[in-house]
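So, here come the structures, one by one.
After this come two complexes, each holding chain A, first together with chain B and then together with chain C.
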Partner chain A sequence: MSATASSEVVVHAAPAARGHRVAELISRYRPVVIAVVILVIFGITSIKNASFASSSNIQGILSIGAIYLLLAVGEAMVIITRNVDLSVGSTLGLSAFTVGEMFNHNPHTQIWLVFLVGIGIGIGCGLIIGLITTLARVPSLVVTLAALYIIRGFVNIIGTGVQIEPTVIPHSFVSLGYSTVLGIPWLFIIVLVVALAAAYWMRAFPAGRELYAIGSNPPAAVLAGIPVARRVITVFVLSGALAGLGGVLFLAQVATVNSSAGSGYELIEVTAVVVGGVAIFGGSGSVIGAVLGAILLQVINQALVAAQISAFWDSAVAGALLLLAISFDRLVSFRASRALVAKEGVTYVE
Partner chain B sequence: MSSEAAAPVAAPNRAVGVVRALRRWESALVVILIATLIFGTAESPNFLTTTTIFFGGLDIGQIAIMALPLTLIVITGEIDLSVAAMLGLSASVFGYAFAHGTGVVPAMAIALAVGAAGGSLNGFLVTRLGLPSIAVTIGTLTMFRGLAEVVLGQSEVTNFPTSLTKVGYAPIFAHLAYPFFFFFVLAVIYGVVLHKTPVGRSLYAIGLNKEAAFFSGIRVNRTKFILFALSGVVCAFAGIVYTLQNDSAIYTAGTGLELNVVAVVLFGGVSIFGGRGSILGVFLAVLIVGLTQVAFTLINVSAEEQQIVFGVLLLLSVLVPNSAEGYRRLRARVERARRTLPAAGQT
Partner chain C sequence: MKSDRSQEEAAGDGVPGASNSARPLLAATHVSKSFGAVKAVIDATLELYAGEAHALVGENGAGKSTLVKMLAGVHQPDSGTLLIDGDPVALNNPAAARDAGIAVIYQEPTLFPDLDVAENVFMGRLPRRPGGRIDRGLMDKEVHLVLGRLGVRLDPGRATRGLSIADQQIVEIAKALTLEAKVIVMDEPTAALSSAEVARLFRVIEALREGGAAVLFISHRLDEVFATCQRVTVMRDGRSVLASAASELTSEQLVRAMVGRDLEKRDKSTAKVGEVVLSVERLTREGKFVDISFEVRAGEIVGLAGLVGAGRSEIAEAVFGIDRYDAGSVKIAGESLKKGSPTAAMAAGIGLVPEDRRQHGLVMDESTERNIVMASLGRVQRHGLIVSKLSREFALDWARRLQIKYGRIADPVATLSGGNQQKVVLAKWLSRKPALLIVDEPTRGIDVGTKAEVHRLIENLAADGVAVLMISSELPEMLLLADRIIVIREGRLVHEIARADASEEAIIAAAAGVFSGAAA
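Let's look at the complex of A and B:
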């Protein structure tokens, strides 16, 4: 599904139906649409509960949800190449636990070292997954599913009989989890820097653009001389690194960690990324969209609480939202392909 | 597996047939199963006793039952990640209906109907709207779990009739646990349908090439729709069994099991790309996973640490057939090079 390519053809083609053009616009400016939806939810919820739009509440949403946003960046890059990374939750857990253990052994561990180790663990996991996926040519779904279990198993081995008490975690490290700069939580600044860097890389650098080519048509990408294996390994390493960073931030945020830290994140991340407009079979979407998708899920979660609607509805709404998002994408691509058939006489469009 | 697809090409002689049979992933599974049995009996004298067989069957029952409909769906090239959430929704609905005095049989019927409705929703979205099943079922997974929570909330329903809750503590004949017995019966039915009927063969055709299957007269969409609806019903059934065996209906029943179910199916040699796999493979995979769980628990390896073994096995299930394939391809290439090289040298 190359949304950009088909939209160009349609623009040249002719005055298509108005409904079509609106759908096309919404699909092209997906991040903007999601941002608008987020604002609307804010508006409606603050009518019911004025404190919802307060700066402290917004700060809370951005810093509590920061780790989900961070992982969504990596997951988006992986999914854009028509792969999937189900191991992020376990990698996060491994990183968080190892780092916690470092503080357990020496509460005066340097903080930069902690970050280095956490990210290093993530890079290691991502590298192994990327190598297995590309060298053995096995589907990443299976490899990362296996990695989910294996890495979680290691977390449990390390974690048996180990308690990481908040008292051993240095205050300067924990303050990272809640302190703000100019009213913006540190955690969110990190997410912002990472997301913007990733977005810039995927827009402006050949290597980043190639991820889209790989995701739209893997065999064609090989024929075009793109080093597919190297790029796929890169995205898994990046996704792992972000999960590792997420683990460090997780510890900073909650100041304690148990062996199930990060369990179940994988499907939440995939949901956020797809809601954010990344096609599940790759080739289109953006990391900014994915981050906004993750924010939207967080905002809905908090809005239900603030509006005193039972939080039980949270999952039901999130699931319905995902179905709505993919149905909409399908509608747009169906209309685009029909317009192509009508205008250009193309008989088969994927 | 590969022999399935290649069957019509020629009538191979018996020796080739045996070699081909040995190359199947199922043979590797039999070896792993025997290794598990040897390992278990060597490590603990309590391994092959009636108690462990009973509890092993009890523990693996739900995953095993849900693996069957998923196998068929994966063979057609789709996936259903909502299975465990459907188990939870069914448990909630069953418990809610029972607590509100419908009587236990109507409550079961309602739960199964909810399963059929949820499965049909998946089928509708995948076949009528043409949406990717992985995204659809992640969506319905979240939704079903949410609805389960809406229906039952944090409360727990218990005190089901003892004539039914005995599925959780009484063995059926030969020390088998009821859940495993249900799985066994369903596996036989699924096996016959998949391997001995035209409908079953058409599933492989759909998985190998959807367009070709369509043009050869197979109702691709209708078949897939039925598979998804059926998956909903079977998972709802698993939810009822789960509720009865624990004598407790809670909305969190089966949380996170979906990936275990997928892993068992893939470990059983079903290709994630569709068109390949057998009920026998999945059955063996269930036995191996169930028995390793029992063995490791007996030697005090925690359930969480067992995940490493499970992950490695899962990885092997894709790596081994793939590297065997790669080795064959490499050997063919070397063979060809050897044949062409002298000729090139002479000219």
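Let's look at the complex of A and C:
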């Protein structure tokens, strides 16, 4: 080898690797951190208002928030593939309104049929969005923003002059919205099943892991032979299906619906997902984290009410949390890349 | 112009030097590839045998990368054939090359940073257990096995984000091995590695060879070629000009085969060299360049030579203030220049014609006029407002002086040819009457005619007393223009060559580290 005169290269690896590992640990246990924050908020709020930690109040939070949690599962899967779904609120509205209309026409409609139609509407919306995103190579931000307006417009058109009164909704259907099993709301059980199934699929099955690969490095995913288009269409279909299911549950919960049902949900879902530790540019995070993020937003919302703080603060707090979460993620990845540079940077010793 | 020159050393053209009793594992025979008018590879032949490490060497632009991309299935040859075990194959896409047992490891691997090592190795073909779940145990076992064969320790469960380039390459090699690749192509794998990491890579190559694979090793560092490879193929101007056993070659022979052409050095009237304009002292930026000292005088053209990635552009950018530096100083006419401030550099009379004119030199959608006046806005305004008449006159004047060919001066500069775009960048800086002009690859991608005009411009500039610091990978250009040539290798100033002693061989030898005695 060439005797590079009087110089020798030393690689500093150890400290960089350690710094990196700390950052990695913090982001890996993000769900735990959020769970702790939720408990802390409960503790503080209970001091001011003892009834906040009562089981009936917790039931209420889980039940009211359930639909947000459900949609967060789909949104998390979409964002993990480096896409975004802004259409979920409108899809929920379309599903809820259509299902309400079914009861309007026939109050004795079978409940399984109602679920089938609601989820079917969501699947249809998701399929169209997924096809346009992958085949026409239009960024999903644009496709789903357009879908948000188009679907909402559609709901407004069919909803003009239509009233869906609580009286036409069968009691057996509405009871789904508030009844509990062993003290746990039905709605929350549905969310739990969906979230655990999604989390298991994304962890243990090749197709699930491939979603992370797609979000982590899209061109490399193509080179690795992953059917990227099929996977992306799948997540939009799943997200749409959950939004459709959410619409049915929305109707069960409030027993009435107007054409603005679900408006604004999409931004709450994106916030919940990012607060829950899913990277906004995909590749990392988990469905469970996203659900915890959604719970956190709900708990803050309710805690402000319980502490008799103006509800106007709710949006401000959610925004601040979002900023905090993203800043933290940037900091972690900045530290990771710094560690990388430090590791590769060579020091010349004379 | 280069391609149809007769080649004295082309006697060995297409004929493998080593004994070829066995059939090559992979062969590219008489392949050619053109991109438009550019002939990237012309009638090149390369043969790889099982169990050998084979070096592919050549100057920048000799056609190595294009040849590799044909093996990788990225490009398809216009003529000639690729043979695997003697049978012709068509590699229409990267997947076809992969299925044919060819793996390419690029200088900077593209991994999934959020996934762990084992997942990266198996992504796209994750092994399943009955029932469809991922067989994580099998993945870890196989990765352990492969890494063991390579003699590398790496945790299969570690995320690849934060892995060094060297470890990322190992992940790619492990991927190639689990795919049972027979041919492993490494495109300048050592460019970003430290010496300890290079040593480990060499052991890995050894292990691959012993396993019966053929390794194609592309490197600019000739000492590495002799240290690892049994055979060498040299490319020059798109052709394969030499194939020989490494043991039968000296580094001087290798360098001569790479350069291959005789270029008459044009006599240059020795311009009056004036006062020191730029004085760089012990400039250091950690990990990029170390202890660089040199001077450029008025009327002098100093060339910064070296391989791509040696740190030349980084030095220029540190002088101009685009990049920071950690130690040392930059002085203009004896005055210290503020660190990290292009504004201060411009005020001190430095101009920079960057390497990538489309990204950094021009605003492509803006007009030729706007681009010319961009660095001289103070001269075309009254009371803080740009006066269009002044601006127009200013631009027309400089366009005329540099003989820029344009349709209308208000048309986007993107409509101009590459050479005329480069003249616009030059006009932008010349109109500021700089004391020092830094030009980075001034004629890259420019047609031959305009190239000569740009050369004449630079010479005239120096004759007018401007100090010029020129970076160029084109050695003929370097020899033509530079009064002095400073050679940078791996971030260090290794050699300074006076115009009288300059030759392509001398520059390449210093840049590639053949004569280690040349190290300063």
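Following the convention adopted for this analysis, the second predicted complex is superposed on the first by the 320 of 350 C-alpha atoms of A that agree within 3 Å, B and C clash if a C-alpha of one lies under 4 Å from a C-alpha of the other, contacts with A are read in each partner's own complex, and residues count from 1 in each chain.
Assume a residue touches a chain if its C-beta (ideal position, glycine included) is under 8 Å from a C-beta of that chain, and two chains touch if they have at least 3 such contacts.
Computed from a prediction, not measured in an experiment: that's the story for all the values here.
By the touch criterion defined above, A:183 reaches neither chain B nor chain C. Shared-chain residue A:215: touches chain C; no touch with chain B. When the two structures are aligned on the shared chain, A:161 is found in touch with neither chain B nor chain C. Of the two partner chains, chain C is the only one that A:204 touches; chain B does not reach it. By the touch criterion stated above, A:224 is placed in contact with chain C alone, chain B being left untouched. For chain A in complex with chain B, the residues that touch the partner chain are 86, 132, 136-139, 141-143, 145-157, 160, 259, 263-264, 267, 270-271, 274, 280-281, 310, 312-323, 326-327, 330, 334. Residues 81, 125, 129-132, 134-136, 138-147, 149-150, 153, 256, 259, 262-263, 266, 272-273, 302, 304-312, 314-315, 317-319, 322-323, 326 of chain B touch chain A in their complex. Contact residues of chain A toward chain C in the complex are 1-5, 7-9, 11, 13, 16-17, 20, 24, 204-206, 209-210, 212-213, 215-217, 219-221, 223-226, 279, 283-284, 336, 339-341, 343-348.
Partner chain A is touched in their complex by these residues of chain C: 94-95, 110-115, 119, 123-126, 128, 132-134, 159, 161-165, 192, 194-197, 223, 227, 286-287, 290, 490, 492, 513, 516, 519-520.
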